[in-house]
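Labels run A, B, C and D following the written order; every chain starts at residue 1.
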Amino acid sequence: MIQMFHVSKSYEGGVPALADITLKIGKGEFLFITGPSGAGKSTLLKIMFGSEPPTQGQLILDGRNYIKIPQPELPALRRRIGFVFQDFKLLPNKSVFDNVALSLKVMGIPPSDVKRRVARMLTYVKLQHRANFKPLQLSGGEQQRVAIARAMVKDPAIILADEPTGNLDPELSVQIIELFKEVNSRGTTVVIATHDKALIEKYARRTIALEGGRLVNA
Amino acid sequence: MRKSGSADFVYIISDALSSLKESKGTTALTSLTLGFSLAIFSLFVFVISNLNGVMEGWGEKTQIVVYVKDNVSSAEAMKDSIMKVAGVRGAEFVSKEKALSELKGALKGYEGILEGVDANPLPASFEIKVLEENNSPEGIAKVVGELKARDWAEDVQYSREWVEKLASFIKFMKIAAIGVGVFLGAATLFIMSNTIRLAVYARRSEIEIMKLVGASDMYVRAPFVIEGAVQGLFGGILAFAILAAGRAAIIGQVPSYLAFALEMPFPVPVFLLALIMAGVVMGVAGSLISMNRFLDV
Amino acid sequence: MRKSGSADFVYIISDALSSLKESKGTTALTSLTLGFSLAIFSLFVFVISNLNGVMEGWGEKTQIVVYVKDNVSSAEAMKDSIMKVAGVRGAEFVSKEKALSELKGALKGYEGILEGVDANPLPASFEIKVLEENNSPEGIAKVVGELKARDWAEDVQYSREWVEKLASFIKFMKIAAIGVGVFLGAATLFIMSNTIRLAVYARRSEIEIMKLVGASDMYVRAPFVIEGAVQGLFGGILAFAILAAGRAAIIGQVPSYLAFALEMPFPVPVFLLALIMAGVVMGVAGSLISMNRFLDV
Amino acid sequence: MIQMFHVSKSYEGGVPALADITLKIGKGEFLFITGPSGAGKSTLLKIMFGSEPPTQGQLILDGRNYIKIPQPELPALRRRIGFVFQDFKLLPNKSVFDNVALSLKVMGIPPSDVKRRVARMLTYVKLQHRANFKPLQLSGGEQQRVAIARAMVKDPAIILADEPTGNLDPELSVQIIELFKEVNSRGTTVVIATHDKALIEKYARRTIALEGGRLVNA
């Protein structure tokens, strides 16, 4: 599903964020990425998502080989990937419902389906009572759950989640990971970047660790 | 992998409309700026169109006078012959008697000065008007040349100085009008596009997020197109309202001999439509151009 | 708890300056808009000042003519007497001989008409100019009344129609100029304040954060004041440059008898300074007013 | 130092976020606030900070009784409190150094002191090599540490930290809490809202728990 060969990334200003990453993630896999702050976890996820081009190396998504994913293909690719951003990236002027619905609307799903699926998804993340709130009227953890709902509602082929439980209490964190496990069991590839040792230990899935931009176990 | 369905278009429009509601504030500010800018520019167009009319009127007054020999030809024959000259638009006969009475009028109060004069020494004449396109020093010279060749013509007079002064004045006014027009056009375009750019700039992160969620460029553009169109629509209507209100306020104060200055250069609906169209084109183009560089996410 | 130290002021200024660097983009856009708006408004002021000059010139031409009886008084005595009338600005004597030669000039080519005339039947006269403030139908009438009372005055003539037409024209032009001026002033003020408001709006979260970190209102305001001043400064200079360049481009094209239309109404440095001051005041006031409502955090 | 009597808070739209909170935090205390997502932790901190007025009840800060803290007193109050915002609230156009320096500059500290103190603080949070970066060029955890540095650099009388380790790995989290402990040992009152059970257990300080806006133990 996702393969990387000798991928390196340096940001402008010469900061090396990733160095020589070779990695294979199979279809339907459930993978944790861990590592200290600044190790390159978010960068790795952004490269898979096509929002940061790698400086070197190659990326294979669905058997297609990319050096840099061309701009016109990005919308189609992104509709297949659910991304939970570390900083949420919610639209501040839209309600919780509309933020979640957006990722279905851009795919052209009919309105009645959208309504049903968004409502169900909000129930899963326990935000049904906040559907009409704007993001700035929510607590940190509530915003994070909106971001999760938006990524999952479209039943994507791949879910990339960047620190999805950083603002959630342990009980809720477990419930969210259970949600990820459930969609994973229906065939979705799930990649989660996290610091939460407790979760990694509890679920004991394949885990890769980054440090200073390098894989330290794979 | 789902392909875009038929609901696409509906979403694009309905989302764009609801985004319009969310950004009422900046849309209103931008509409006002567009309106005022358009009003400034069309005030200029308005003044210039009417000035043009005045200048054309002056042009009409340029006259050539042909004094004719007594008893050589009939007035009708001479008039026909004059009208055949290329560039002549009209000719009016002034008889010897009329010339004398005009002189008497000019000397009013001192007519006594003419008492000793028995025979009428004044010649008859034709006052001639030339066509608009011949109303230049060269055009006039050509007409004068042809008229001089007539055997019944005693003398042809015209004020070379007046013709040249008028021509240079009209030329200057045209250059000045083009200069001011280009400046005002550039200024209003600039102001409008800057305003739109600032409004779009405030929403750059929205554009980024939409793209990250998988929206096509069209989906992201739609709200900006509609917003631009609405801004242009309101801007155009506002500009029209400002001008109409200004004209209404001033029209009672105008002495009647100056009323021409406030004539509408075009029919009112054409004017309104032109303003709206100008506003919409600018609003839409401005929005699209301004947002484009944020699309590359 | 520390009190604000002496480094306060230095920080306020230096932070404001570095914030200016960070927001170069919007500052440039706003400066351009300010510049163009100011240029539009001052183009208008420029045209109006010069038109005023023209209208005053016309006013000067209003003349009253007093025809005087032969051999009653000396020219000097009559002139002195005229100059004593309130509202009179100047009087020029036209002798009988000059009047006759002027008539001959008017009849050029047909002087023969005057051959039988021996005695000069034309009277001497004074052409009189009135002061600016008396240049109204009523003012003229008063002067005429006084002149008529002189015993050496044969007749006093003036064109009531011309005086009234001119007065109503000047009145109309003044109203129109005020109307257009008010409109342009409002429009440019509006455009500038909207532009500034949009630029401030894009930075509202910065204001909030500064306040949350404990910055005083003055600290938060300083960058906006300085930015507004810089925008105004550049805007004023830009407006001046636009006008100067436009004038330079057009001045070669102007026929000499129209050169007055391009005269600078004020000395150049005054004009530049006025534009800069207007820009700075608007920029600073606009910034402060626009940001104020975001300060309440 | 901080006392609250029967404080309630309802946001516009009628959402009750806090109900009848009575609470006393002594000078030099170290307090954890915990509770599930949406329980009202951030709201409680914001009320202490004066950036959200309570709907009911009274607040005593330093022996002064407030119903609502008046606008002109806020700058002085805020210079005494270091707040780590859950969403960081960094100035996007300023460098890391300038973001941290700002909270000293607004107090009128002389430039040489500012330089020295900011540099030392950045070393404490392991960001000395990022001093000239802009916030958007940082990883999530790095941004969070800038926010922490900005709150601590001014040696405030009170530190209010809202989920300060949500984006940090466990080792770094411990180091940050050690920092808080150190300033606390020098007399600073520290209040930390957190979900991190591991930290709470490890440090075993006074902990209050909120649920649905109510204190469940105090």
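Quick note on the criterion: contacts are C-beta pairs under 8 Å (C-beta built on N, C-alpha and C of every residue); 3 or more make two chains touch, one makes a residue touch a chain.
Predicted model only: the values in this text are computed from it and were never measured.
Where touching is counted per the definition, chain A and chain B have no chain in common.
Chain centres were defined as the mean of their Cα atoms; on that basis the chain farthest from chain D turns out to be B. The centroid of the Cα atoms in chain A and the matching centroid in chain C are 66 Å apart. Spacing of chain C relative to chain D, judged by their CA centroids, is 60 angstrom.
For the pair chain A and chain D, the distance between mean C-alpha positions equals 29 Å. Residue positions of chain A touching 2 or more other chains: there are none.
Along chain C, no residue makes contact with two or more other chains. Chain contact topology: the protein chains form a single closed ring, every chain touching exactly two others. Chain pairs recorded as touching, per the definition above, are A-B, A-D, B-C, C-D. Looking at the complex, you find that chain A touches chain D at residues 11, 13, 15, 34-38, 41-42, 86-87, 133, 137-142, 144-145, 162-163, 166-173, 195, 197-198. Contacts from chain C toward chain B in the complex involve residues 25-26, 29-30, 32-33, 36-37, 39-40, 43, 103, 106-107, 109-110, 112-114, 116-117, 121-122, 155, 165, 168-169, 171-172, 175-176, 179-180, 183-184, 186-188, 190-191, 194-195, 197-199, 201-202, 242, 246, 249-250, 253-255, 257-258.
Residues 1-8, 10-11, 15, 18-19, 22-23, 206, 208-217, 219, 296-297 of chain C are the ones touching chain D in the complex. Every residue of chain D that touches chain C in the complex is listed here, in rising order: 51, 71, 74-80, 83, 85, 89-94, 98, 102-103, 105-111, 150, 157.
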